[in-house]
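Residue numbering begins at 1 within each chain, and the chains themselves are lettered A, B, C, D and E in the order written.
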Amino acid sequence: MDLSTFLGLVFGIGALLVSVVIEGGSVTSLISIPAFVLVFGGTIGATAMGFTVDELKNVVTLLRIAFTNEKYDAARLINSLVLFAEKARREGLLALEEDVSGIQDKFLQKGMQLVIDGTDAELVRSIMETELTFMQERHHRGAGIFEAAGGFAPTMGIIGTVMGLVHVLGNLSDTATLGPAIATAFIATLYGVGSANLFFLPIAGKLKTHNAHQIFFYEVTLEGILSVQAGDNPRIVEEKLKAFLAPKQRPEPKKQEDR
Amino acid sequence: MDLSTFLGLVFGIGALLVSVVIEGGSVTSLISIPAFVLVFGGTIGATAMGFTVDELKNVVTLLRIAFTNEKYDAARLINSLVLFAEKARREGLLALEEDVSGIQDKFLQKGMQLVIDGTDAELVRSIMETELTFMQERHHRGAGIFEAAGGFAPTMGIIGTVMGLVHVLGNLSDTATLGPAIATAFIATLYGVGSANLFFLPIAGKLKTHNAHQIFFYEVTLEGILSVQAGDNPRIVEEKLKAFLAPKQRPEPKKQEDR
Amino acid sequence: MDLSTFLGLVFGIGALLVSVVIEGGSVTSLISIPAFVLVFGGTIGATAMGFTVDELKNVVTLLRIAFTNEKYDAARLINSLVLFAEKARREGLLALEEDVSGIQDKFLQKGMQLVIDGTDAELVRSIMETELTFMQERHHRGAGIFEAAGGFAPTMGIIGTVMGLVHVLGNLSDTATLGPAIATAFIATLYGVGSANLFFLPIAGKLKTHNAHQIFFYEVTLEGILSVQAGDNPRIVEEKLKAFLAPKQRPEPKKQEDR
Amino acid sequence: MDLSTFLGLVFGIGALLVSVVIEGGSVTSLISIPAFVLVFGGTIGATAMGFTVDELKNVVTLLRIAFTNEKYDAARLINSLVLFAEKARREGLLALEEDVSGIQDKFLQKGMQLVIDGTDAELVRSIMETELTFMQERHHRGAGIFEAAGGFAPTMGIIGTVMGLVHVLGNLSDTATLGPAIATAFIATLYGVGSANLFFLPIAGKLKTHNAHQIFFYEVTLEGILSVQAGDNPRIVEEKLKAFLAPKQRPEPKKQEDR
Amino acid sequence: MDLSTFLGLVFGIGALLVSVVIEGGSVTSLISIPAFVLVFGGTIGATAMGFTVDELKNVVTLLRIAFTNEKYDAARLINSLVLFAEKARREGLLALEEDVSGIQDKFLQKGMQLVIDGTDAELVRSIMETELTFMQERHHRGAGIFEAAGGFAPTMGIIGTVMGLVHVLGNLSDTATLGPAIATAFIATLYGVGSANLFFLPIAGKLKTHNAHQIFFYEVTLEGILSVQAGDNPRIVEEKLKAFLAPKQRPEPKKQEDR
């Protein structure tokens, strides 16, 4: 569970509801079926048009990713890579075969397997960078679905409000219901702006954040794999990889002295 | 038929109409000839000014592309390229002559023909990349027409509404028709914002999506062609090309073992 | 005459006027001298501040360019360059001297002259690319003047409307003229948004379109010049240059067989 | 204390309050609990959703940075590096060992230590540039939190105002309280737009400014370290590094003549 | 005096005032002390927060630059550089010593001095390009202050208007002063939008324009310096440098024939 996604959503919507209650309003007065149909129907329709069916099928997976907290422990990764570098220097790259079969991360495993198979260093870099580039491209397109929805929702809200006003103004005879009718018209704006800013755009932001962390983790991984393959001194491997991290994230210096 | 373009459009407009009906309004009250003339005439005029006649002639073709679902089967492409690589290593590049004449995709065929003709590898890359670069440029200019229309339509709607208000406010004597007259003025905003967000911008988005998929497919194609020309080991060719794909799109590993 | 600039402008403004007439309004009611002075005076002033006098002097030339249709016939250019390549291979680069003196396009002529003068290939590329880069820079700054005006005009319209409302609201005693006075205030918004979207921004768009076509044409030209200088096989020259074009723009294959 | 952050904040909020008092309004009339709950609760929720818990934990540190004035004295840095260059040429790189242990700036110290340890120049550049790149990335993500809040706050304000209007318009019976109720509704817009423009966005701007100054300082540092390692003439080191500075920031020429 | 900055400002503000007078309004009715305090106090505060005290101290200098017309005569620069190239080829680089001491432009002088001192060509390019890069960076940050102010001013205007409306709506009892009070509230919007579009943003635009011209001039200068150092044929130097210019800005061809 990604706490900030979940709590942020609860907190945001909660703030909205609490505010209504404090003000003495009733939450049910914010419910409008026509506004709901228009804003979410229109947003889904407009968003779907811009993507392919295959891309749209990922929406559930993408939501799951936004609400899941995948930890990328770079300090632990660096320690593993340094150990690989030491073993490779002592016993040769082939000695890493059994370690590699136990690696959980697919990206690290594939890269190390290529190295053990004796693939040319340039080719390893090219294959793994291609993988990273297109992984990022796919993730950005995924976040793009929610960004598109976050762009369309407020305009659907405006369409709903304008349509409501047109309806109201075209039937001014009954002035008693004028106020409530205009109030209802504004609910579409509320749905559009609210869903965009409390759901679609923050989810797109979280997807990009998760992507940034993952790509960053894999950049460290790739640099480490290539350093192991090049037979770099383990201390150099560590120095190179620690440069990616914020000072406070770096592996403890004690571990360095142990070696 | 590109299902998401078609269904998205139907769903979006349907949501709008259903919402009107639920609210007890009549769809005919949303019809205004002056608003229609102004918003669509103005949008067509402003959009046309920014492009050349030749570019504008492509609009129908572009719409057809947005509503057509061209499948790019990268897994199958990779299998073909791996087979080419095997044959080329066994029997030489010239042996691919007859395979090439049967290729349907123009881009792949042209690239393989250049390879078989013994064109220098650098030149093959340069020619095919030039082709890709300017294909992308042309596609972006095409999507740009719909983006421009999607930018102008809402402002034309605002112009229509302001013009309507000016008309109404200049003749306040007849207060009975004030409401309906203002309602009519707002219909221009509805047309502008609606057409931009339920048609122009999503179509531009779909054109860019189709372009992204096609360019991606051709990037895999080009990498494969160059790998075949270089006489790469078929396993390396497959490894290189699979790196472009998402894990679940990759060709089944069984096929690998068959070889 | 660039038809799409001219017809687009006529069509856009025509749609606006037709819409007024259909609605039963009078076109003269859209005329307001104070709004005109404020919106266009303010837009001209704000735009002028951001550019130099020398740049502003080009405005008339830029307008002429936006309304003029310069044809760039890439297929014919490619045929010429292929002929140059053939002649250069048969009779040497110096044999092109007389052909060059007859070339109308300054860019092609200058490039070919440098080649005939025996200028180093790297230097030819560097000089011609510098020329292209700064040509593009100058064109973009030119389009930037109209973009700036298109950005300032709507805000001047808002200023005019707000000033009008301030004037109206400060003198509420005479309620009879309230409506018409507010109507007049909105005319400034109309002028600002209308001029931006039916003139300034589309003109900027057309200038960028013309620039894109010209730069594209010269990129093909430069590639061709360098290919001729390198003594490439005419078939290769043609293949290289055709890669820039959309399939349907390419020179007819018959001509190829003639050779 | 970063004077411009502190005084700017005081000045901005002061201007707002002074303006209220001059106009004869009371500051307490601008207080609304529901608006406060909605705008800040919603902004915090929406912002939190887009980032990870670890990133959000930095918010206090980031605020401290925005209000702290860290001086980067480039002229003094250049003088130190020139002295290092002189000493390195006279006595060798190892002679710098004791100077390095006294350096306060971690970045300069780490770089010089790598140089003294005899690390390859390419590797020093690569490690230190990696450190700079990802330092900048982290700082930008930090500023991004405040930018996101600055983007969400005004829309939360609009949501609050619309919700307030819906509440008011749904209960038009009591026309006496209509005005004050609408006034209260607008306070949410005030909170949203005000907090974004007098706090969130300026803080994000200051964080980026501080980052720009720090990265700039470290670019000079890195260039100097590499120049010392390369054994450049001290005069060249100075010339190279002074090129980064504005003329008036450069170390006094007198010092040059002393050498 | 930069005529377009000065006349543009006068023209823009003049148009605004003339428009008020034509409409029969009084200019004094546009004066509001609370709006002035809020909009300009708030804008200054918010802008100041994002920059450092040192950067803010440059504001007066930046204004002076925006109103000063510095001429960059590229044709004359090219003629000087061609003369340097001729002299250098005839008499050696050292013969330029006395010419250099008479050069007024600091950038050209520094570059030529480095050349005469026998500095390595790569180092000359690196030092001078560093100087250009960071000069541009500093200028952009300077223009950024006015851009930030131009972004904050309209939102401060909105804050002022909303605060005014809150004040008005909270005291609806006195309906007689309702109109004028709302009018006063709108004056804040007028100040915010007006100052942004008739002062802050155009000044930022002019600063960027001046920067673009200066950087362009120095790019020609640097290319020329390096060409002189390389001992290029004066005709080549001229050809290289003229490629930067628009055809009509190029030095007269007669001068070429004189040589």
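In the analysis below, contacts are C-beta pairs under 8 Å (C-beta built on N, C-alpha and C of every residue); 3 or more make two chains touch, one makes a residue touch a chain.
Molecules present, by chain and UniProt name: A, B, C, D, E = Mota/tolq/exbb proton channel.
Please read these numbers as outputs of a predicted model, since none were measured by experiment.
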item	value
If a chain touches subunit A (Mota/tolq/exbb proton channel) and subunit C (Mota/tolq/exbb proton channel) alike, it appears here	B
Cα-superposition angle relating the copies subunit D (Mota/tolq/exbb proton channel) and subunit B (Mota/tolq/exbb proton channel), to nearest 5°	145
Interchain centroid distance [CA atoms averaged], subunit D (Mota/tolq/exbb proton channel)/subunit E (Mota/tolq/exbb proton channel), Å	25
Whole-Å gap separating subunit B (Mota/tolq/exbb proton channel) and subunit E (Mota/tolq/exbb proton channel), where each centre is the average of the chain's CA atoms	40
Residues of subunit B (Mota/tolq/exbb proton channel) engaged with two or more neighbouring chains	none
Category of the chain touch graph - line, ring, star, complete, other	ring
Going round from subunit B (Mota/tolq/exbb proton channel), first to subunit C (Mota/tolq/exbb proton channel): chain order	B, C, E, D, A
Residue numbers on subunit D (Mota/tolq/exbb proton channel) that touch subunit E (Mota/tolq/exbb proton channel), as the complex places them	2-5, 7-16, 18-20, 22-25, 29-30, 69, 178-180, 182-184, 186-187, 189-190, 193-194, 196-198, 201-206, 208-209, 212-213, 216, 223, 236, 239-240, 243-247
Of subunit A (Mota/tolq/exbb proton channel), residues touching subunit B (Mota/tolq/exbb proton channel) in the complex	33-35, 37-38, 40-42, 44-53, 55-56, 106, 114, 119, 123, 126-128, 130-131, 134-135, 137-138, 141, 148, 152, 155-156, 158-160, 162-172
